[in-house]
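Letters A, B and C mark the chains as written, and numbering starts fresh at 1 in each.
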Amino acid sequence: MIDKTIDMIYNKVLAKIVILIGFVMILTILLQISARSFLPQSFSWTEELARLSFVWFCLLGSVMTLTNKMHLGVEYFYEKFNITLKKMTDCFIFLFIAFFGAILCYYGFLLVLNGWDQLTPVLRIPRSYFYMPMPIIGGLFFIYSLYQLSLSLRKNQSEKVSERR
Amino acid sequence: GNNEDAGNDTESETESETDGSAQTNADTENDGEASGDEETYTLKMASPSNPEDTMVQAFYHFEEIVEDESEGRIDVEVLHSGQLGGQSDYIDGLQLGSIQAAEITTSVLSSLNDKMLIFDMPYLSNNMQHQREVIQSGVGDELSSALEEQEDIKIVGWLQRSARNVYSSAGPIETAEDFEGLDIRVMESPVMLETMELLGANPTPIAADERYMALQTGVVDAAENSIALILTEKEYEVTDYVSMTNHFMTPNTISMDQNFFDSLPEDLQDVVLDAGEKAGEFAFEEEKSQIDSAVTELEDIGMEVNTIEDTSSFKEAVQPIYDEYEEDIGEDLFDAFLENK
Amino acid sequence: MVVIIFIVLILLMAINVPIAISTGIAAIFGFAVVGSIDLSVMTQRMLMGVNSFTLIAIPLFILAGRFMQLGGITTDLINLSKSLVGFMRGGLAYVNIVSSMFFAGITGSAASDSSSVGSILIPAMVKKGYDRDFSVAVTATSSTIGVMIPPSIPLVIYGVAAGVSIGQLFLGGIIPGILVAVALMVVTSVIAKKRDYPVEERISVKGALKNIIRGIPALLTIIIIIGGIITGVFTATEAAGIAALYAFLLGVFYYKELKIKDLPKIILDVSVTTGMVALMIATASALGYLFAIQGIPQMIADGLLSITESSFLIMLMITIMLLFIGTFLDLSPAVIIFTPILLPIVTELGIDPVHFGVIMVINLAIGLFTPPVGVCLFVSCAIGQISITDVIKAILPYFTAMIVVLLLITYVPDFVMYLPETFMR
């Protein structure tokens, strides 16, 4: 049940949102170029919208990086550990990621609250729309790494360890 | 305003002494005559501008006065050149308490309160003196209180900038007609974009660090800024005419974390306010004297500088923007400028 | 106190906590314990670190590269290189280097270069009797050309951090990139003769022509990027957008391998790679802010300038320091953290920020193939199925060659500055 929910959130919903935002970002940039090249007047809002979508795209993307186990790490010493030590280390790594996520989530939320009455220069929307990815990805990091921790505690198979890139 | 270009100076000479001296000022030890039992405070102030810029010079002036008059009880640290990010970041920094003061222009403060947009209105200030009088007539206090109530930010000093002027490769601007069809680079500000449109130009928002290239390659024919910047950014290399249109004049502020200010004992609050006042005077004199020297220097380099006697055609063209913003900003603020003429 | 932050960072990285997260936790520690600053400021700095229009060039360049790779461009570029240098003794090693150089023109990262070129050429080289460690070494070192010849993600990041024109940086990277290729080929020629490595069959003129026709349209990408930026038609971000559009059209209509329905998957793919870089930029920016507010840049500047005032010696010290930093910190976070610290020092010495950016990126790129933190080395070793320890000896001659080039471009600025000064000043 919980496996399905996690899969649903991270691989279906989040992935679709990231793709959608990616399209918005690319199209906004292309629109900005076309407007500059072919129209007499360029739009003032394309720059800010492109930036807003980029911030969301790359930060939500960093959650996708986590679920794809693609975050760059230093395996040099890790590779020299024995199986037990590797497993223990893995648990610590998940705990560290969860801690990082929790901090981002809580303090990011405070940041969002703080930015609510500050408007952006062009779109005149609250700056909080730019800050919002912080608590969101913090929460997503937190939940996912705790989930992975519980998985690795539950399953005691050694191949699980070698799967980590 | 025009501090968007901090950190771009590429021409410093080897082992030049003049640049270094300004920077080491930030670390100057205070004379430390304070008695040990009194609490001391650290006042970190952030600026996006380079040490040579008037604003950072004014900050150093502020530092000197505060440290001197507080007899070392307040330690001021100036963090310049955008080390701590840009002006809109400083708002968060003040509210979250990582810095205590910052150089923030009224254009950026308008993201907190619409009243601040009053300084973005073109041609509302006749000249720097006029603007100074209006600020001192109570407008400055009124705007500061508005920020204090809602945002916990207090304006402890007004650092005025000289007016922005148009420089271009497409010929001088004498009347509003000369703006017709001019491709001009503007900052990302709706008011500034609209002003240029009202004047008949084709404004293009381009990032500050792409501006030189855009002028060189003819993506735009013109740009607008305080004229000292044409020199520091060497943009006279890619333009030929400076027209003293004086269209915008947005002042900077020394914005302070209200909670920090309140935490100071009363005598130190007075020290800070007094230093803010004096830093404002310093910036005012400095900016004013820079206009003349910049004009001379630009003419020596071979730029054609034209002063404009009659700005009425511009003023007429931009009138609609006053009406559009009157409700958001408040009629009383417009009146404060118009009645003070 | 700052030393403790670095110790936290290194300890976390040593046990394989992702670099971005390690940096983030070091920043949390620094803000909360060392600086006593509200952690909301840290999250704000993280966010502002990626809130830049110019950085949008990164996913767009990655996107362009993906479109090309789906079109089979890697094989085409390798075939093109074979037509050019395959006949030499140790032909495939030269092909590896030259393909990397071509590949550099369409990709902005070194790791993608190692994985694309490496996954084809390492097995091929091993099969032909090249030593395994040698094949991995030549792949790992030559792939760093990917961050020198434009487009280059690290140069974009530097440009943002230093406030320098991306176009000038891109132009500045071209000659050093070619110099590195030449230096690596010189080393290769010595080794290939000594070990009598094989040569490739000569390719017929017709075959060569076919390879050129397949490869050239992809190589035009670099012309679009550079041309667009030099003539001022586009900003770096817009040039990246145009490159992506061009690569897309090429993939659909010329190579005919790209389907519109693949787009969502490709974009998701790009988000994974961008997310990796972005989180490193974000956390490194927070750490950089902490250092700035603690006055570290000024401290280091004063320290360096108190030792000596000779710009020759200071540059040497900075070079050695960066080489050291590059061994344990990845390229992007190192650029973010150390640009604000070092740039004021070098500009005071009269060094052009464009020149310094290229020096810094090439210096740190050497760290990409040195243990313990070297992404190109990881990727190449994984493909070559060999442990990192076993390739160190084979890397050494190439490492030396890179150091020579690094010193050359550091002390002869014209190698970097000639193109930007000719075309963009």
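Rule of thumb we're sticking to: contacts are C-beta pairs under 8 Å (C-beta built on N, C-alpha and C of every residue); 3 or more make two chains touch, one makes a residue touch a chain.
None of the values given here were measured: they were computed from a predicted structure.
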| item | value |
| --- | --- |
| Chain pair that, of all pairs, has the most C-beta pairs in contact | A-C |
| Chain whose Cα mean lies nearest the overall Cα mean | C |
| Inter-centroid spacing, chain C versus chain B (mean Cα positions, whole Å) | 38 |
| Chain A-chain C separation of Cα centroids, rounded to whole Å | 23 |
| Centre-of-Cα separation between chain B and chain A, whole angstrom | 37 |
| Shared-contact residues (touching 2 or more other chains) in chain C | 38, 40, 44, 53, 233 |
| Set of chain A residues in contact with two or more other chains | 36, 47, 111, 114 |
| Residues of chain B whose C-beta touches two or more other chains | 92, 96, 207, 219 |
| Interfacial residue positions of chain B with respect to chain A in the complex | 88, 91-92, 95-96, 107-108, 111-112, 150-151, 188-190, 193, 197, 202, 204-205, 207, 219 |
| Chain A-facing residues of chain C, complex | 12-22, 24-25, 28, 38-40, 42-44, 46-47, 50-53, 55-56, 58-60, 63, 233-234, 237-238, 240-242, 244-245, 264, 267-268, 270-280, 282, 328, 330, 371-373, 375, 378, 387-388 |
| Touching residues (chain side chain A, partner chain C) in the complex | 15, 18-19, 22-23, 25-26, 29-30, 32-33, 36-37, 47, 50-51, 54-55, 57-66, 68, 70-79, 89, 92-93, 96-97, 99-100, 103-104, 107-108, 110-111, 114, 130-131, 133-134, 138 |
| Chain A to chain B touching residues, read off their complex | 36, 40-42, 44, 47-48, 111, 114-115, 117-122, 124, 127 |
| Chain C residues touching chain B - in the complex, by the definition given at the top | 35, 37-38, 40-41, 44-45, 48, 53-54, 162-165, 167, 231-233, 235, 289, 292-293, 295, 297-298, 309, 311, 340, 343-344, 347-350, 352-354, 424 |
